[in-house]
Structure formats: C-alpha cells, structure tokens
C-alpha cells in the first residue's frame, strides 16, 4: 500500500511550497489541508470496511464448521481481532512502518508502541501532504487482523484456543509486520526487487495462507476426514452464515483495495479508487460464476460453497493489482482465481492437508496467482520481481510459522484430545453450545 | 437519478470557465476538482451501501423460505449478484447511459462494454464537473443487482437454478437497462413525459416487481400453497435472518436514495442528501409501524414479517421522491406503503399468485404508490407524466418478461419436479443442505 | 457531542468574515462551504454506522434469548427503532436541542416537530459554519434509538410487546431528550457543572441502563432464573447471531464516537476523528481480552458471551472520552470495562435483578466507569463535575422510568402470564416461531 515513490513525489512537491500554511480550526483552509482531510477520511471509511471483514471471516467460518465447534470458532475470531489490535499497537506498527528508523536496514523495522498525533494536531507544524497517523494506523491495523483471520479458518475444529491465540500474538506482532515492512514499509522487497503488491495478495493473503498451511501440517487433519484413502466431506452447519460472511468480505474488500490507493486528494486519485472498486467487484463476480459453473460441469451439481470461495478467490486475485486492469481483464483474473479454487480444494485433500474452510486455496493459491497477474497489466512489474518476493515471503512466513507451531506443540500441545474433538470443542473446551436448542444429534 | 437539467446546468456553467485548470497530483487543487472528488467519493460510499443490499435480499429471502430451500436461495442470490456485475459491464451500462450515442433515439441506447477512465485520468483533459466514470458505473451497477434480487424472492422454492439465472442475464443486460435508459439515460420518458422518479420506485422497484409477477404467473404457486380455496401459510425458517436482511436493506437504502442526488459539490447538494437520508428513514419507520399496528388490529396478533415488509414498503414508497417531502409527509408516504403491503399480501393470495417473500406487494405495489406520491410534494410532477410512464414501464417489463419466462418454460423447463419440490431444492438440485444438523423433520 | 464552546468559537470566527459568500451550485465554492460539505457528509456516514447499531442490538439480543422468544425480541427491536424515528421527529429533537428557545431555561427545551432546511438551501442565507440540520437530525436520532435498544435487551423473555413500546415512546420522546439536553443541548449540566461526556457514556449508555434497571425491578426476573438461592443459567439460542451483533456494534461505534467530534472541516478535526477511531478500537479490544482471560482464570473456561460483553463494555467505557487518551490508556480503560462486566453480571444475579443479555453491566456500570475515566486524560474534567451529573441523570432517568413502568404495570400490565412465559412469547403473543423447523424441544 505504501507507494513510496508517490509519497516521495508528494513530499518533494510539498517542499516546493516551503512552509505550508496551517492553522487549526481555520475557517479558510488552504487546499493542502483539504487534501489531508480527504486522504484521512478516506482511510477512516475504508478502514471501517476492512474492520468489517473481521465479522465476515467470523460468519464464514462459523457457517462452515459443524455446530459442535461454532462457539469456539467465534471465540477465536473475536479474540484474534482484539489481539491484533493490541499487538499491532504494542509492536507491529513501528516494526512494519519504521520510516527511517530501521533496526536492520530494510529488513527489521523499529521497536516501540504506536503514538498518534497530539489532539487537534497541536504543537509542531504537522505534515499535511499525506493523512493523519491515526487514520493510517487504524487502516493498517485492520490488515493485520485479516491476516490472522485466514489462519483461524484452516485450523478449525481441532486446535486448542490458547495455543492458537499465542500464535496469533506472534503473527500480528512480528511475522506479519516484518514481512509487510519489506514491501510496504519500504524494505528490501520494495527497494531491491521492485516487488508490486498493491493491497496484499502476497503481503496479506498468501502470508496468512502460508501460516495456515504450516499449522495444518503440524496439527494434522480432523478425525475421520481421510478414511481408507477417501476424503470424507465434513459439511458446514449454517450456510446462510457462510453466505453472509462472503457478502461481508466482498463489501469490506472495497475498503481493502480502495483504501490502498492511499490518497484521495486529487481527481486522478479518486478516479483511481473508482477503478479499483469497479475492478474488485468484477473479479469477485468472475470468481463466483467460474466456480459455480465449473462445479456444475465437474460434479453435475452447482456448489454454493464453491461459489462463495470462488468469489473470495476472485477478490484475493485482484488484490495485488486492482488499479491497472480493464474491467474485462479484472473479470478474467477473478475467473482464473475461481477456477484455481475448484481444483485446489480436492488437490489439498489428496495431500491430506485438511483445511476446514478452504482458506489455503483462496488466500494462498489465489494470492500467488494474483501476485503474478500483476504482470498482465502493470508494465512496471517483472517476472523475477514478482516471483522471488513470493518465494521469500513464503519461505519466511512458512518457516517461522512451522517453528512456532512445533514449539507450541512440544510445549503446551496444540490439539485437543480425540475424545474432546469427537464431542466438539464447544462442550469440551468451553462448556457452551452455539445452538443448544437446535442440534438433532 | 440522472437529473439531466442539473447536468446541463453544470456543464453550461463549466463552459463559462473555459478550460478548467487540471493537473494530476496537484498540491493546490482548484475548487472544481474538489467538487469532482466529493461527488466521486459520495458515489463510492453510497454505492457500497447499495452493494450491501445484495446481502440484505439474500438474508431476507433465506430467512423467509423453508430450510429445505435455503441453500438454493443463497446460490441464486450470490449468482445473480455476480451476473449483474458481468452483464452490466458487457452490455447494460452503455445501453442505459448512451449519452448522445442512441441506437434508436431515446429508445435504444448504445452497445458496447463499459470503459473506465485511464489510470490517473492520464491523457485527455477530463471533465471534472460530475464524477468519475468508474464511480458512476459502480453506483449504477448496484441498482441492476437490486432489480434482479426482487425477482429471486418471489419465485423462491420451486424454480430451477439455471433458467432463473438465464432470466437474470436477460434482465440485467437488456430489460432493466432499456427501461432505465428511458428515464435516467435521458430517453423518451424523461424528455417527452417529464417523468419524475428520483431513485427508482418505478425504474428499479416496480420494474423488478413486474418481472417477478410475470414469473410467478408462468411458474405457478408452490405445491400445497392453495388448497380447497384456502391459502395455506408457508412460514419462514429463520426470522432473525429476515430481520437482519431488513436492517441491511434499510441501511443500504440511504445509499440508494442519497447517492441518487448525484452531486455533493455544493452546500445545497449535501444538505439535500441529508434531507434524503432523514426522509428515507422516516418513511421506513412509518411503514414498519403502520404494518405492525394494522396486523394487530386486523389479526389480533402483531406480525413481525408484516412489520419487516412494511419497513421495506415504506422505503420503496419514498424512493421516487425522497428529497421534496417534509419529514412528516415522508412518514405518511411510508405509512401508506405499509398499509398497502398488509392488504396486498392476502389480495395476491386471493388471485393465487404465490409470492414466497412478499416482493410483489413491497416492490411493485408500493413502487407504483411511491411514483404517484411524487405528486404530493414535487410541483414539477404531473399526473399523466407519472401514470403513463408507470404503465409503459409496466407493460414493457411485464410483457418481455412473460415472453422470456414462457420461452424458458417451453425450451428447458423452469420448474422442478413435484418430487424435487417436496424434498426441497437443496437436496434435489444441489445435494447440499443449509442446516444439515438442525432440521427436525 | 454538542461542544458549544467550539460552536461559539466557530460562529465568532465566522462573524469576522461578515457575510460568507454563498451561492447554490457554485462552481468555485469558497472554503467555508467545503467545510460545511465535509462536516455534513461526516455526519451522514457516521450516522449510518450508528443506525447500523440497531441491527447489532437486534442480533445480539436475538442470539442471547431462548428460541421461543426470538421473534418477539426482533419485533421489539424493529418497532423501537421505528418509534425512535417518529418520536424524535415529533418531539425529541427540539426538546434536546432547543438552541435559545428553552421552555424552562437550561432544563426543558422547546416543543415542536423537527424541520429541515429547505431543498437546495433555497431562501435565507444559510449558516455554513457547522453542518446541515438534516445531517445533524439524522445523526442525533440514531443515538435515541441506541438508548431504547439497551432497554429491550434487559427486559427480554417476559415483557409484553405493547407496554414495552409505550415505554419506548416516552423514553425517546421525553426522557432521553430531556436529560440529553442538559448536556448536549447546552443545559445546566453543561453550563453549571462543566460535565464532560463526549459521545454519551452517561447521556446514552448509563441512561439506557437506568431505564432498563427500573424496568427489571418492576418486572421481576424470568421464571426459574433464581431457584433455592441459586442462579440458573439461561443460555442463548444462537451464539453466531450474538457474535455478529457484537461485531456490528463494534463497527457502528466508530460512527458513534467519531461522529461526535461534530466537525471535519480542519486537519485538526479529522486527525482527532482518527484518534477517536483508533482509541475506540483499542478499548473494545482491551475489554474483550480482559473478559476472556478473566473468565478463564475465574471459571477455568473461556466464556464467549463474556468476551462479547467485554468488548461492548470497553466500547461504552471509552465513549465519554475517546479523544484525549493515548492508545495505551484507551486499552486500559477498555480492560477495566471488561473486568467490571465479569464481576457485575454475577453481582446483579445476587441481587436477583435479571438482565437477560447483560445490558445493565455493559451500559450502566461501564457507562459510569467511562464517565469517571474522563478524569484520567482530560484536564478540564473535575470529579464533582463528572460524578454529580452521573447521579442527577441516574436519579432522573431511574425515577421517571420507575414511575412509568409502575403506571404501565397498574394500568395495562407489563408481564405475560406464567403460562405464556413458559410456552414462549413467540407462540403465546405473536403466533409465529422464529425457527419453526429447528427446535428440538
């Protein structure tokens, strides 16, 4: 999201203006101040939309797990969202956006809690060429929560609560901010590789997918998922919730991709945000229809959960470059994302990697595809500049996550007992059923 | 929405300025550019709210059908939303807003895919007196999806998936854009009849209602709905979802009506949008309370689904003129909408027209009422100028829809078998239950 | 929300400008007009978020009651939302914001319906230093609905529909607007006590909590809730709905607190709104984690409903002063709110005050805490200036509510029969089940 050349361009231009006029509560604000207001408000509005994606993941996952594990899935989702807020404040924000204060140049950012501007911007002359620190913090924070949400879905129905939350602490405080800094903080992937990832097909989605994959491998599949070489379908308990979650994510993604334009202070910027909204919608539509039609062709039955995951895959696919494609190309990029999901879900099952909600196909596989698809429309992208950072981020996130998951497994254990898994995590771990009056078993 | 006199006024005024100064990334944007930014961002924010209505229809319909048909209803809703995006891009947008490029003057617009502005508005001097093409496309697209959503509710629980989706293709590519162009594209209803329909009581809601009515007639009622001259109530399976859907639609309607002001670049425009928000809320409140109280008086039991449909009818009623009424008149317009629904639902049943969710009373009947109610507050409206376009749009949409439904019926069949309908569409057509662990039958 | 010194400051400054230039549809709007547009649009966007909280309360309450009372809870929520809209228009708005037209100076505002500006601001020269009346009305109205929503949760599962709605009429027309005028209308709590309550920890939340407490005392606990000196847990029927409601409220709270800044026309104001968004999120996160961890420590089981109520308590706690705290202090304020909830819920049960959803701990107790917490960060706050208004508002709202509840009890009765309560309000009072196909009892 941090398009540094644009930031530098703005700063340079601002410098030409010498000291930009500024007065709090000014009745006649200068145009630069209006730009600051517009950029900031844009971040707040789009940040709220990304925040809303937390509800989307919660509903999607609650709908796709069995009713005996729904309370646990909700608990994980509300807790991970809260943890992301706290850890990103304590550590993540400055680690990811160190400005000039790198601890290890372009690799490890700075340590320290996030500090917002003073009330009313009182005191030192503020820089009005970008947006408020508070709005930037708010917006970036919500991306952290998204990354953590991806993991919770894959590992559903068998992981213990507290080890999962400890992993979430490490993910939101260190793993995500570190790899994020390499691109959006202006680190080496941005500077040395010319890596392009507009809103995070790799930085957010494939990263979350890699962390989930490492967890799925260490954790193992759910009981009874693979029997005698066959994959036994485990069906979701509440498909309206899954559909609601998908609509929420679709809605929130306008903020996710649109806000990543970072500026709304010129006609060109707001027109670009418009392109991004339209393209994001087109890719989701393409992904949904591709998966729906393909499931009809392959299995003779249209499959709702495939269509939902297809829409999400379309959204992930367009995230690395939602600005440059035409509406037609955006639709095609989404279609390919939807196709990937339909093939990736059985492929993972063949490897006996059990992903309870299909998060790895959607976020990891479509995330990689989306990052490479930048090459289709952005002449500034190079094949190596896209592929190598995908591999570096993947190796780092997967490797560190694997170590953390293994350490958690060895020390406190990450998986509930067979008995508890059979009974369900809600009764066994929480003593609270999600639907105490409904279930017929 | 396209208030052409206003557009012309703006353009004329802009012409006085000769060449408006414009530079991308300008630090000191001229005021006209700020207006462009404000108009565009307003479209994006309100467009997201209208997009969210897609989730509202999905939840409303999923809550009001029986559990055995819920997965199907969700599948239809996610698919129609995706289809609307694709068809409006391929055909609808230019057919509806041809500018000067009518194929048949003021009757049939132009053909061709939607093309957005170049990235960063690079190249030709852009016109900054309105909003970005991307934001306009995004906003208008969402209205198309709304029209299609109306149809899916009425025909629930017995129509096959693919014929429904084929109808959706035709509706969103041709039927809706064509009749929409006659008013909002500046066609003959706008030019010759002085038809006033601010945000679409007729263009969107009654049009969707006519298409649904044609379908309901061709399709016939659900099995067991009418027995021995009696109407057998078929109750919804999940009323919280229906209430959630109504709240979502209520929320989204602020975008639907508010965004239809089209401009936010002056104090007068933003104050008008404020009036529209307040009036829209007042009409929904009036409709909900009217239906709730009336159901108490008529049936001795307050009826939640009547109150929900009453709120929606209030919203539809105020949609043709949400700006001019006072808060009091807006409340009254909504109240009458709510009353209409309470009487129209049993009236349709008397005709043995089976509308699974009450969409025809809400969107068609209240839509007609709302279009006529423009006469109460807007001195520019004439009785003929409102009534004749209602009839023309109705005849066109109903007639064409009837032909399409009949053609689909003859060729591929539109209704599932009796056996499948009895079992439920989820098992019979999709092989996937919405609540596999809950249902007690 | 009405920071009168700021309003006066603006007005004085505006007066210096003599007659501010203004022309409708001006192509080159003066900066003051841009400020008006930005303030107004900010109110509309944040007002929609607060409106959305109505859905949040509905889902939270529908999820936390037993399935036999869900339709009733939904009916109450949609009706109270509609009633708030109508009564605030008829009476509340001018009673709460009388300007200079107090009936009894600084105690009782003016009577009369709300009147918006003329269409297009035509006619008299408008004051452009604040925001449109329509947007202010829309925003303030939504706070009224929130107050009413708090009451409906506490009294769930045993109160009759119509007496509850009559109380809602009185609450939204008189009780809330009156006490609200004392602070935000510039009445005696604001003028004489220097009371600080930025977005309503007391004006909205503890007020709603007092009204709920009075109702709970008059109404008595649900059948079987307290048996032989023991509290019998009555568990919610649909926890995903409760989690969804919490996410919706969390999202809406950005509008609730952020919009209460009232202005977005300067860099200082928009940066302050950003601080508010970030602090609001931090407090919610702190409250959620505090309650989750505390429930683990105290009961050996992490408790989802505690975590949800903890998040809400965090939000209520930061509402009186979301601007001045640092992110760290905001987190701590939220943590204390979460701790309060975990202890207050069993404490209320010890007193045999039955609160079906925990609204009194969340809104009343955390509301008082939040109002006192202003002292931690705002040097303008005094202990007496916070405590005495808390007590005055409490005594007034509790006392008047008690009288109204008793009057309703004596005249029409407020509680359903034991038989009806046992059967459930949905069947007994409404004849409509929320989940007719699911429940297994």
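Should a chain be cited, it is by its letter among A, B and C, assigned in written order, with residues numbered from 1 in that chain.
Here is the rule we go by: a residue touches a chain if its C-beta (ideal position, glycine included) is under 8 Å from a C-beta of that chain, and two chains touch if they have at least 3 such contacts.
All values reported here derive from a predicted model rather than from experimental measurement.
Asks: Please identify each chain that touches subunit B as well as subunit C.
Replies: A
Asks: Determine whether subunit A and subunit C, two copies of the same sequence, contact each other through the same residue numbers or different ones, counting it as same when over half of the numbers at the interface appear on both sides.
Replies: Here the answer is different, because the shared fraction of interface numbers falls below one half.
Asks: Suppose each chain is reduced to the average of its Cα coordinates; what separation in Å results between subunit A and subunit C?
Replies: Centres of subunit A and subunit C (C-alpha means) sit 32 Å apart.
Asks: Would you mind listing the residues of subunit A that make contact with two or more other chains?
Replies: Those would be 34, 45, 238, 244, 435, 438-440.
Asks: Could you pull out which subunit B residues touch subunit A in their complex?
Replies: Touch list, subunit B to subunit A: 22, 24-29, 33-34, 36-37, 40-41, 43-45, 47-48, 51-52, 54-55, 58-59, 62-63, 70-71, 74-75, 77-79, 81-86, 89, 113-117, 119-122, 126, 128, 132-135, 137-138, 141, 161, 238, 241, 244, 429-440.
Asks: Quick check on the complex: what are the subunit B residues that touch subunit C?
Replies: For subunit B paired with subunit C, touching residues are 9-10, 13-14, 16-17, 30-32, 34-35, 38, 42, 45, 49, 66-67, 129, 235-240, 243-244, 246-248, 250-251, 254, 258, 264-275, 277-278, 281-282, 284-286, 288-289, 292, 301-305, 307-308, 311, 323-324, 326-328, 331, 435, 438-441.
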